[in-house]
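Common to both upcoming complexes is chain A, partnered first by chain B, then by chain C.
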Partner chain A sequence: MPVIAGDIYFDKVRKEYGRVTALEQLDLRVAAGERLVLLGPSGCGKTTALRLVAGLERVTSGKLYLNGRLANNLEPGERDVAMVFQNYALYPHMTVWENIAFGLQVRRVAKEEIKARIKEALAILGLEGLEERRPRELSGGQRQRVALARAIVKQAPYFLLDEPLSNLDAQLRTQARTELVRLHRKLNSTMIYVTHDQVEAMTIGQRIAILAGGVLQQVDTPENIYNRPANTFVAKFIGNPPMNLLPGIVKGNQLFLGEGLKLIIPGNWSAWLLGKSQNRVIMGLRPEDVTLREEGVAEGEGLPVRITWRENCGKERLYYLAAGDKELTASFSEGRTEPRGGELWLTIDWDKVHFFAEGDGNSLGYPWNTRELSLKAYA
Partner chain B sequence: MKIAREPGPKFAAIKGYLVPWGCLAPALAFLALFTFWPLVSTLKLSFYQWNMVSPTPKWVGLTNYLEILRSREFWLAFWHTLEYTLILLALNLALPYITAYILSHLVFKGQNFYRALIFLPSVLSLAVAAVIFLWLYNPLAGPVNALLRLLGLPAPPWLSSYRWVIPALAVITAWKSFGYNFIVLLAGLVAVPLELIEAARLEKASNWQIFWRIVRPLTSGTALYVLVMTVIIGSQYVFVPIQMLTNGGPDQASTNLVFFIYQYTFNFFQTGKAAAAAVITLIIFGGLLFLQKRVLEKGVYYEN
Partner chain C sequence: MKTKIPWWHFPLLLVVLGSLLPLIWMLATAWKTPEQVFNASLNPWPYPATAANFAYVMGAIPLGRYILNTFIIAFIVTAAKLLTSILAAYGFTQFSFRGRETLFYLCLLSIFVPFTVTMMPNYLFMSRMGWLNTYTGVALPQMADALGIFLLRQSIRSIPPSLVEAARLDRVGHGRILGRVLLPAIKPSLIALGILFFINTWNEYFWPLLMINDKSMYTLPLALQMFTNLEGGTNWGAMMAAATLASLPPVVAYLLAQRYVVDTFIHSGLKG
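Here is the complex of A and B:
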């Protein structure tokens, strides 16, 4: 049952609730048939953005286009949008069949057509045999699938999902992620998926839009969000454990991170950073991109650290480190020998560091271009 | 040295009954005194002829029942009761239901103001309401007729017109009970999750479809309560304006069963007949409630 998808365009869209600004000037294009994830901490405006598309909220200023048509004043029922709510919003007094049929009945779709569409949806979602059950007689996973079925029978060009997996247990969630992506490939509608879970975002989104405090931080593919975060917020928000962010000062080819913490910057980075207008920077290091050495290194080649806490997570080990007055996290996959306690040296893979400007926290970019980066990633 | 005696098993059994019955006793005493005893007395009285004065009521068997069932006045009161009930169902169930729906889901500004305003009449006593309406309905000086005349509409003498007296009295009762029913229904309506309504709005469902297919079934438990209360209380509340304003007139055009019973007891002193009418009324309402339970409960959705 593939549908003809439409694109969505937020043009300087702003949303205020009384004095509270939920969204500040959102500029975002979602291509027809794309799977876009809106990601951010709670209260960042992601659900607001979704509800604006659905028409459940009105834009305060700016323009919202659905398939090139100005949609600011369209009623929810006129937008041809299918939505899955966080708590599913199944009608408790109706059976599964009635729940799925309701929207089609209201739209006066022919009886035979309704029957055919529901049958197909039930088959796709594996809900056959549950037609006569009421929502309270279903498990969480089944309810979630009924909500999906109700959305897909509409065959709408837009498919909106508001944290649809948040009420499922961890195991079901992993399974449901895959199912959702498969379902979208079948439907081919334009999908906006709201979540605060970065794993869901990375696995479901073809692109991810990260929001914080009503401001769009970055929109990009999961790879680029991870490898080239646009600012310190994205850098810290994506990745678990989060990226280490160390403020420092660049002087020539040296980076001073604090008392006794000095690193010599290799040529490409040094030239790149000297070209920037400010020398106060924040260095970003992912915990998995650092190395711990027991033998000493030359001055400026590494940072002296002490392990303050260890965690064994099974597939990886986490080390909480103290370097002078700075705290860092390092993670290593299983199979590496356990470092001893006492003084250790932390060394850096300079191909995997990030630099941000102190102040606005924006990325200072990379001395190589994106193509090189992706070649490196797949080498 | 004293040995504390354990209470025996028999004592424990008695004690097990004593506490619950002890707790029930005060309520039971009042129920017995003011509900069961009058009920039994009424039943007994319905087989006697007694004018409340003579020392010995006279046993007449089923005569009271036969006479009541044969009398035109009783059936008049019966049909009037139905008429009142139907009007009250429209004004005190359907109307507050829809008003509450509008105020809970469609109007968002000034909600508290409207709620207070609508509930206000409920705090008045029905007797006061009756007097207010006596003035409003005044055929010559009353504002209702003044307004109707201004609009060029016929201005009937409300309380002395065969055709209008029942609606006019029903409106008084409805005006007073509206607010209470409204608040009860509103409480039911605001409990309907907003997400369900939003989901329906995405399907282009009209406000009426949302009300009829989602909100109404989800609040049917509350609505059934209001329905039963409207039927039972409504027919009794109407008594106050009848008694105060029309005394069943003109020519019994505004009587109902409760007023009929009252009239036979305290105006005509035919307590036996009145008791028989009361028993018949009880049976009618009992049957009605049984039907309601049988027919309507099926369609009611309860959360738990």
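Here is the complex of A and C:
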């Protein structure tokens, strides 16, 4: 049941609740048929953005376009959006069939058509045989799928999901992620998916929009969000354990991270940073991008560290490290030899380092062409 | 297996018995002959039992007529109160407009206006409209109730807003949101409130007393009072028989609905 998708355009959209600003000037374009994830911590404005699209909230200022049509003052019913709520919002006194059929009946879809659509949706979601059950007689996973079925029978060009997996257990969630992506491929509608879970975002989104404090931080492919975070917020928010962020001072080709912590910056980076005329920087290092060595390294080639805590997570091992007064984490996949305690050296793969400006925390970019990566990510 | 009963159930039991005693006394006396009633012993058991009191009451006053009067008034008032409460509660929860909360609290304030304050103005109004001795006169001033609005507003607010939002996204109009989404979800509250309204109206004494002096329009509480006066305060068996008959309908209504209330409570909600 593929539908004709529409695009969504937030043009300087702002939303205030009384004195609280939920969204500060959001500029975002969601392409027709795209699967976009709105990601951020609680209270970042992601659900607000979704509810603005649905018409459940009104835009305070700015313009919201649905398929090129100004939608600021459209009633929710006039917007042709299908939505799955976090608590599923199934009508408790109606059966599964009635729940799914209700919206179609209200819109006077022909009886035969309703029957056909529901049958198809039930088949796609594996809900056959549950038609006469009431929501309270269903498991969490089944309720979630009924909510999805109710949304897809609308055959709406916009498909909005508000943390639909947050009430499921971990195993079901993994399975439901795959199902959702498959479902979207079948439907082809424009999908906005709200979550605070970075794994869901990385696996479901074709693009991810990260919000914090009502401000859009970055919109990009999951690959670029991970590999080219636009600022320290994104860098810390994506990745588990989060990226190590070490403030330091650049002097020529040397980076001072603190007492006795000095690194020699390779030529491409030092030229790049010089060009940015920013000597107070924050260096970002993903825990999986560092190496621990037992043998000493030349001065400026690595940082002396001590292991303060170890965690075995099965597929990986986490090391909590102290380097002078700085704390870092390092992670290694299983199978590598366990470093012994005592004084170790942490060395860095400079191709995987990130630099941010101290102050606003924005990325200082990379001394190599990043477009190549973007294109690869889209392909 | 022996179940242990906590000691503090015994004082509770005494209180329960104490409050049941008048009822038991009423029921028992209704089946006693005058000799048994005036027997010095406090034996509540009517032996041998007699139905003569009931026959006497049925013959002495048109009880059927009074039950019908009371039922019509209680039914109209209950239905009207529920309707006005539902609509007002819907407005107070589903529409956002300037002064909504102020209006609601003003509405609540009316709970604290004593009946004696509104009694005379209402009486004068009904009398000018020529509604003395009519069902309208008795029922009209009781057709809205801030308590009902308050309780239903609370019930509606306890329903997840996403239910209504899901309906709005499906272009469901207000009538259907109310009828197909909200009311089924608050059915237990509606039934409980309905019973409360019905019993209160059924037992209402003072307002019908003001409004009605035509005996054919009497409600049961008025009829009981009249009957007591007629009997000169000695025919206890007959008086208790009349009281028993008068209290039957609300008890039956309550018993029927109680089963239903419990039922809906068990089956409501979406707890997983």
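Definition applied: the second predicted complex is superposed on the first by the 370 of 379 C-alpha atoms of A that agree within 3 Å, B and C clash if a C-alpha of one lies under 4 Å from a C-alpha of the other, contacts with A are read in each partner's own complex, and residues count from 1 in each chain.
As a convention for this text, contacts are C-beta pairs under 8 Å (C-beta built on N, C-alpha and C of every residue); 3 or more make two chains touch, one makes a residue touch a chain.
These numbers come from a predicted model, not from an experiment.
Student: Could you check whether chain B and chain C clash or fit when both are placed on chain A?
Tutor: Here the two partners, once superposed via chain A, clash with each other.
Student: Does chain B (first) or chain C (second) touch A:V106, or do both, or does neither?
Tutor: A:V106: touches chain B and chain C.
Student: Of the two partner chains, chain B (first) and chain C (second), which one does A:K315 touch, if any: first, second, both, or neither?
Tutor: neither
Student: Now for A:A89: first (chain B), second (chain C), both, or neither, which partner does it touch?
Tutor: Touch partners of A:A89: chain B and chain C.
Student: Have a look and say if chain B or chain C is in touch with more residues of chain A.
Tutor: C
Student: Name the contact category of A:R19: first (chain B only), second (chain C only), both, or neither.
Tutor: In the superposition, A:R19 touches no partner, neither chain B nor chain C.
Student: Just to be sure I read the superposition right, which of the two partners does A:G140 touch: chain B = first, chain C = second, or both, or neither?
Tutor: Touch status of A:G140: second partner only.
Student: A:V81 contacts which: chain B (first), chain C (second), both, neither?
Tutor: Touch status of A:V81: both partners.
Student: Could you tell me which stretches of chain A are touched by chain B in one complex and by chain C in the other?
Tutor: On chain A, the overlap between the chain B and chain C contacts is residues 54-56, 75-79, 81-83, 85, 87, 89, 91-93, 102-103, 106-107, 154.
Student: With touch defined as at the start, can you tell me which chain B residues reach chain A in the complex?
Tutor: Residues 193, 195-196, 198-205, 209, 213-214, 217-218, 301, 303 of chain B touch chain A in their complex.
Student: Along chain C, where are the residues that touch chain A in the complex?
Tutor: 160, 162-163, 165-173, 176, 180-181, 184-185, 187, 267-272
Student: Where on chain A is chain C touching in the complex?
Tutor: 54-56, 75-79, 81-83, 85-87, 89-93, 102-103, 106-107, 135-136, 139-140, 143, 150, 154, 167
Student: Under the touch definition given earlier, write down the residues of chain A that touch chain B in their complex.
Tutor: Counting only chain A, the residues touching chain B are 54-56, 75-79, 81-83, 85, 87, 89, 91-93, 102-103, 106-107, 154.
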